[in-house]
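Think of it as A, B, C and D in the order they're written, each chain with its own count starting at 1.
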Amino acid sequence: MTTILEPGSAPAAEPEAAAPPGEAIEGRSPGRIALGRLKKDKVAMAGGVTVVLLILTAIFAPQLCSLTGNDPYTTHTRLIDPNLQIPSGGFGGMSSRHILGVDVPTGRDLFARVVYGARTSLGIAGLATVIAIAIGVGLGMVAGYFGGLIDSVISRTMDVMLAFPLFLFAISLSGVLGYSAFGLTGNTLRIVLLIFIIGFFSWPYIGRIVRGQTLVLREREFVEAARVLGATPGRIILREILPNLTAPILVYATLLIPSNILFEASLSYLGVGIRSPMPSWGEMVNEAIALYQVDPEFLIVPGSAIFLTVLAFNLLGDGLRDAFDPKASR
Amino acid sequence: MRKPRIAAYAAAAALAFGAAACGGGSSGGTGAHSSAAYDVGLAGTVNKSSATGHGTLRLEQSSDLQSTDPGNSYFGADWDVMRLYTRSLVTFAEAPGPVKLVPDLATDLGTMSADGLTWTFHLVKGATYTDGSPITAQDVAYGIERSNWGQEVLPNGPTYFKQLLTDTTNYQGPYKDKNPADHPSGIDTPDSDTIVFHLVKPFADFDDVLTLPSTVPVPRAKDTGATYYEHVLSSGAYRFDSYAVGKELDLSASPAFNAASDPLHLHVAHAARIVDKVDVSAQTVDQDLLHGTTDVDQSGAGVQTATQSQVLGNPRLKAEADDPITGLLTYLTINTTIKPFDDIDCRKAVEWAIDKSAVQTAFGGGIGGGDIATTVLPPTVPGYVQQDLYQSPGHTGDLAKARAEIATCKAAEHVTDITTQVGYYIDQPKDKPVADVVQQNLAAIGITVTEDGFKYSQLSIKAGSQSYVKQNNEALFITAWAADFPSGYGFLDQILTPDGIKATGESNYSELDDPAVDSLMATALKTTDPDARNALYAQIDQQALKDAALVPMIDSRALMLRPPNLTNAYIEQAYGMYDYQALGVQ
Amino acid sequence: MLTFIVRRLFAVAGLLLVVAFVTMVIFYEMPQWGGQTPATMAVQYVGKQPSPAAIQGVIHRFGFDRSFLVQYIDYIRTIVTGTTFSDGTQDIVCKAPCLGYSFRNYQQVWPTILGDLPVTFSIAAGAGVLWLFFGVASGLASAVRKGSLLDRASMVTALLGISLPVYFLAPLLSLPLAYRWSILPAPGSYVGILSDPGQWFLDMILPWTCLAFGLAALYTRLTRAGMLDVLSEDFVRTARAKGLSERRVILKHALRAAITPIITIFGMDFATVLGGAVLVEITFSMKGIGFLAITSIQNGDFPMMMGVTLFAAAFIVLANLLVDVMYAVADPRVRL
Amino acid sequence: MTAGGERPFLDVRDLRVHFPTDDGVVKSVDGISFALERGKTLGIVGESGSGKSVTSLSLLGLHRRADRKGRGGARISGGIWLDGQDLVTASAEEVRRLRGEKMAMIFQDPLSAMHPFYTVGAQIIEAYRVHNKVSKPVARKRAIELLELVGIPQPNTRVDDFPHQFSGGMRQRAMIAMALVCNPRLLIADEPTTALDVTVQAQILDLMRDLQREFDSALILITHDLGVVAELADDIMVMYGGKAVEYGTAETVFRQPEHPYTWGLLGSMPRIDRAVQDRLSPIRGNPPSLINVPAGCAFHPRCPYTAETGGRSDTEIPRLAGSDPGHLVRCHLDPARRQEIFTEQIRENL
């Protein structure tokens, strides 16, 4: 081959168009570079800060609610106009004691419900994401690393699952079991069910990505080296390949959470997810939908909560993706 | 989203303002020509008109009919609609005010034999189906047989006849036993105009039972079992044109109806056509009512809360609204066999603790929800007497008395902590907030209550199952009850006597087995004088509350709209909604 | 090509068998794993105070007493060959593809689904046009004017669209447009296109908008990302080097390459919507397939729900096949 | 190299192409000048990132220009005159008209440089019809002609094939046909043979030489491969860090290279007659960052002779100069010393 040997780094891309060249030369780790880029991305940082605040809200929901002296379950029927069936005094019953108003018909504090709703939403979406990532990364790596029959079986399974009308399946699953099953009852059953359903139905997406990345990584020198040194496949997958998948997994997880939040909210909205009295944003929208003409407050509070949360995660996820992979620019 | 309405399952309730009022004669506006004003449809007819075959009456509802088959529905609203295209042996007088039974296909109300066990009816002359064929006593008998003995095909309707009539032949029903000669021994049809019923025990309210659509005639040859609902052979004033599940029911004035067979003019086709759109969203129903694009909400459920505020805030709209008592009682049952609630003091503590005022708000307030109930019988059912054994200011409960009772109970039962479970229907949106209130009220007297919501369809494996409630320590249950037919027996028997105690499919959720109640009921059933009978029903009501077997909470009301072009609009108290047979449009 | 299609049709059939199997497991087996018995499942379908005979009858008729495998094979055979069932007095013929009959009212599943399809199709077709057109157009504009105000505005709109669930957007739009100013019909109004095309169009505007907004947002992002990728491709540079006008470079060269995967995704999304736009149909209470799905689930109407699921899956896998064929037509490098 | 009077056919003066980025300004091309007549070939040589491809793209006006605030694209300054017309100040539309017509480009990887969804013929026809108002059949005839000219067998049928159906060499031929379809007078070939097998490389280079003669066009050959340049070029410009470091006739640059970087390039050229063990003597170090170009001589961090510059290497940018106007070198070393080093230390190792 008649090429000039270029010792050291891989050939830097020639500066076509406006793609900035040359950063690789400065020798920062990809993670730090990404973090640097992320810090400059004000929109993504705003999303990130919101996400952190939401998580803190979920964790410290009781403390936060105690500031206003409310909990999400106590009814305040006296705040509801018995004839009009809306909070007395307009503005959805907003007052210094109920800063976001109260719900209808029992007058539970909306602020407390929406704050506890963050627990439900983030908890379910988060755990479901963990499940999806665990299955997707595990199977994706196995499929990509071993190839052959194992790959075929796993890939086919992913194809089949992607061809399922997932939403209908999820509705069927959560609708068919009723109030108690598997020794669990009520919302406990529903939470567990939702986590598993959502997690189980969203793994093939990450599975595909991880499989593709693993196929590439498998051929890389350091994996080859580990293999030559006699490392077991398990060790190679966990110690060599997995660390190199952190970035796509992180990005994908961040983008999966909002879609899972929407998934949970949609099921609850349809009445097959979380049910009152447990606060869930989708369920709150469902309760409010019959009333929004006269009491929009009741709808806007949980609706905005869903909207802002999903938006914040999307912003952060986009920012992370751009930071790790500037070519997929926004 | 569509949610099945429990209220509609338990159907008709009855009669006007208590026994006293009943004896006192006519209530206000019967037959009066009322002009539109708030609540005038309760006691008078709005926009009286005798026009026939005029225009299209448009009905809408947010759910679907359970069935259009007269033998396969337990929905009161369905029964109200069925009167448009069917005739039963006995029916309700077509007039506002207290319910009055009148013969329809029968020439007269029945007479009880001396032993109280035999009832004989004759059919009116000249009654035909829309295809012109004559209605026979055999058809009436077949209608009862298929709906009561053919439950494997028609599972939804009431089965009173199977319980009340003798059946020595162990009849298997027309779908298993296809021999037309086989019948239950309790029904005789000596000729095509006569039908004779043989009862297993004296039953003074038998006429009431005959109002059920079970007695609608169905010719054996036309019966197509489970799909009969698609093309019911009409015996009423309207022809059954078509019904598309989840979409609409179409009826039109029947040219073949023989008015001579209807001397009381119960079946007059005021409209030329009737279109009943089903599964329309609740908001749309209300919007259509407000904009005059539909004439009546067929479910009789009342308007949505959003619309309620709109209607009450607008004098013109308010004048076009009625807020009747629907005859549906929402109450909390306390199981008398589950510890520690087998101790009457614990049950009394619950009676005192419940804040019925908060319950009322949670249930939708005084107008959309209903009145605070202090008796088992609603004010519209015979036997009702105003009383309140557990009186508290503003119906907010009496914590001091409740705490005293619970202390007594704890001491007697040697318990320190009381925990139990409360069942409620999750598909009945108003029950859930009530459960929340109950939970809070009982927490205030140290009873920890967990909620157990389930679908109505699971009732017989949840609160309706004795083993389930005992295993799950579910002593409390929030449910609603309306009589299947308008009498004290119809309301009280199934919920207060051992007749309603069953291993599954229970309806006496308190499992109350009080000899005092039972003997009062037996006496009432043998008492032919209505006033004396109703007085006995009132005593039963009182006794059950002394036993603290249940906490009456709400007598439902529903705010209903009657747009101005609706004629002959009044509330039929038997159904707690407008009488569809009488309606017409301008 | 033909062998490919034939082979894929077999795969489609196989996939549908799997979907039917899983659906059946969900409806017939899951409740039993969860602790229910045939009797407790059957009581949902009998009256208020069921006799044991009635419960037994239901158990037998709905097949809760048969082994799962027998039921499954029976179900598949019924789809292929049709069957007859009794309404108590006579046999009713259910022609292939017979998906069984409703547990609630004996309505045959297949005609019911077909009857509801026009509503769903109305929603899908209009919304599909909207989301594809606006998504691709704004994504294209965004990519071409990358970094411009237009780009940023359309990206923000896209993010809003992705983050706004239908059931929140619908009331937000209906409140002013339908309820306050009465410009558009209120949610819940629907007439068939054949009975009143004008009214149909008005009725459909809000559902279309609500469904299309989120998807258009997604397509904006897809198109933009795809276009940005393609715009940095060598062949686009070549096209420019040939002296083609920028318009031609963008539309004929870049978009031509970028649109193929988008059309693919569109095919899948469209099929998914055809299989039931559940949230839109529920929110606007339009009786399409999604609405049918939800009512069936609430009524415990297993055959109806299984039919809907199978129908939706069939749409998705057939769309998959169609999309692959289209891909081969669009991209000469792809051989089938 | 024309003296005075009329401008050369292609005249590039002090061309600068800078890309502002968040991290700083990338100076991809930083003041290069050269001239080229028709029928002549200029070889531009350098490592990846030396600015040679940016130069070619800027000649064709293919960079997105920065907005008025100087953001979002390339800032281009200096002058490019093609046949007397200034391309830097010309409007985008004017430059577009020239592209393909007067100047055309052959790209490195013909597989990615041709649109995968259109037939080879369609792409050639399109290139022809942009600049010539002719019917499709006429253009198609022209395309077949060109395909034949570049040596594609059975051009009549192959014209309807898609790029992926061609072999690599055939594809490059088709690419050349596409570039030549409008008889451009300036042809820029960016690494035209890099993606090809060695045997095919020679064929393509032969083809280009023949076609250049036939069309009498000016050819700029951009490559990192001195071997390719040796075959075709009349003049050679060696680029490093966005600047020309050595510029002269092919003859002088090969015979008497004076810049240490050029020595390095020559030293890393494989030769069959060289012993296996010391076959390649690569240049140590990495190409410079174009954002933070090393102060002074951009090559100094990699240069073994910095000690001899008297400390100027990292403070002062050397000028491009030379004793012979036909041979310019950008180096602090004294010309005599450069020649001495080359003769004494370098030549025998080449």
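Heads up, the rule we're going with is that a residue touches a chain if its C-beta (ideal position, glycine included) is under 8 Å from a C-beta of that chain, and two chains touch if they have at least 3 such contacts.
These numbers come from a predicted model, not from an experiment.
Chain nearest the geometric middle of the protein is C, using mean C-alpha positions. Placing every chain at the mean of its C-alpha atoms, the farthest one from chain C is found to be D. Chain C has its Cα centroid 23 Å from the Cα centroid of chain A. Separating the CA-averaged centres of chain B and chain C is a span of 41 Å. Here the CA centre of chain A is 49 Å from the CA centre of chain D.
If you average the Cα atoms of chain B and of chain D, the two centres end up 93 Å apart. Within chain A, the positions touching two or more other chains are listed as 16-17, 178, 270-271, 286, 292-293.
Looking at chain B, one finds that residues 1, 3, 283, 458 touch two or more other chains. The multi-chain contact residues of chain C, meaning those touching 2 or more other chains, are 237, 282, 294, 298, 300.
Taken together, the chain C residues at the contact with chain A in this complex read 15, 18-19, 22-23, 26-27, 30-31, 33-36, 146, 155, 159-160, 162-165, 167-168, 171-172, 175, 179, 225, 228, 232, 237, 272, 275-276, 278-279, 282-283, 293-294, 297-298, 300, 305, 308-309, 312-313, 316-317, 320.
Residues 147, 233-235, 237-246, 253, 256-257, 260, 330-333 of chain C touch chain D in their complex.
For chain A in complex with chain C, the residues that touch the partner chain are 16-17, 19, 160, 163-165, 167-169, 171-173, 175-178, 180-183, 258, 262, 265-266, 269-272, 285-286, 289, 292-293, 296, 299, 303-304, 306-308, 310-311, 314-315, 318, 328-330. By the touch criterion stated above, chain D contacts chain C in their complex at residues 57, 60, 62, 72, 96-101, 104-105, 107-109, 112-117, 119, 126-127, 130-131, 162, 164, 178.
Chain B meets chain A in the complex at residues 1, 3, 282-283, 304-306, 308-310, 312-313, 357-358, 360-369, 426, 430, 432-433, 436-437, 440, 451-455, 458, 462.
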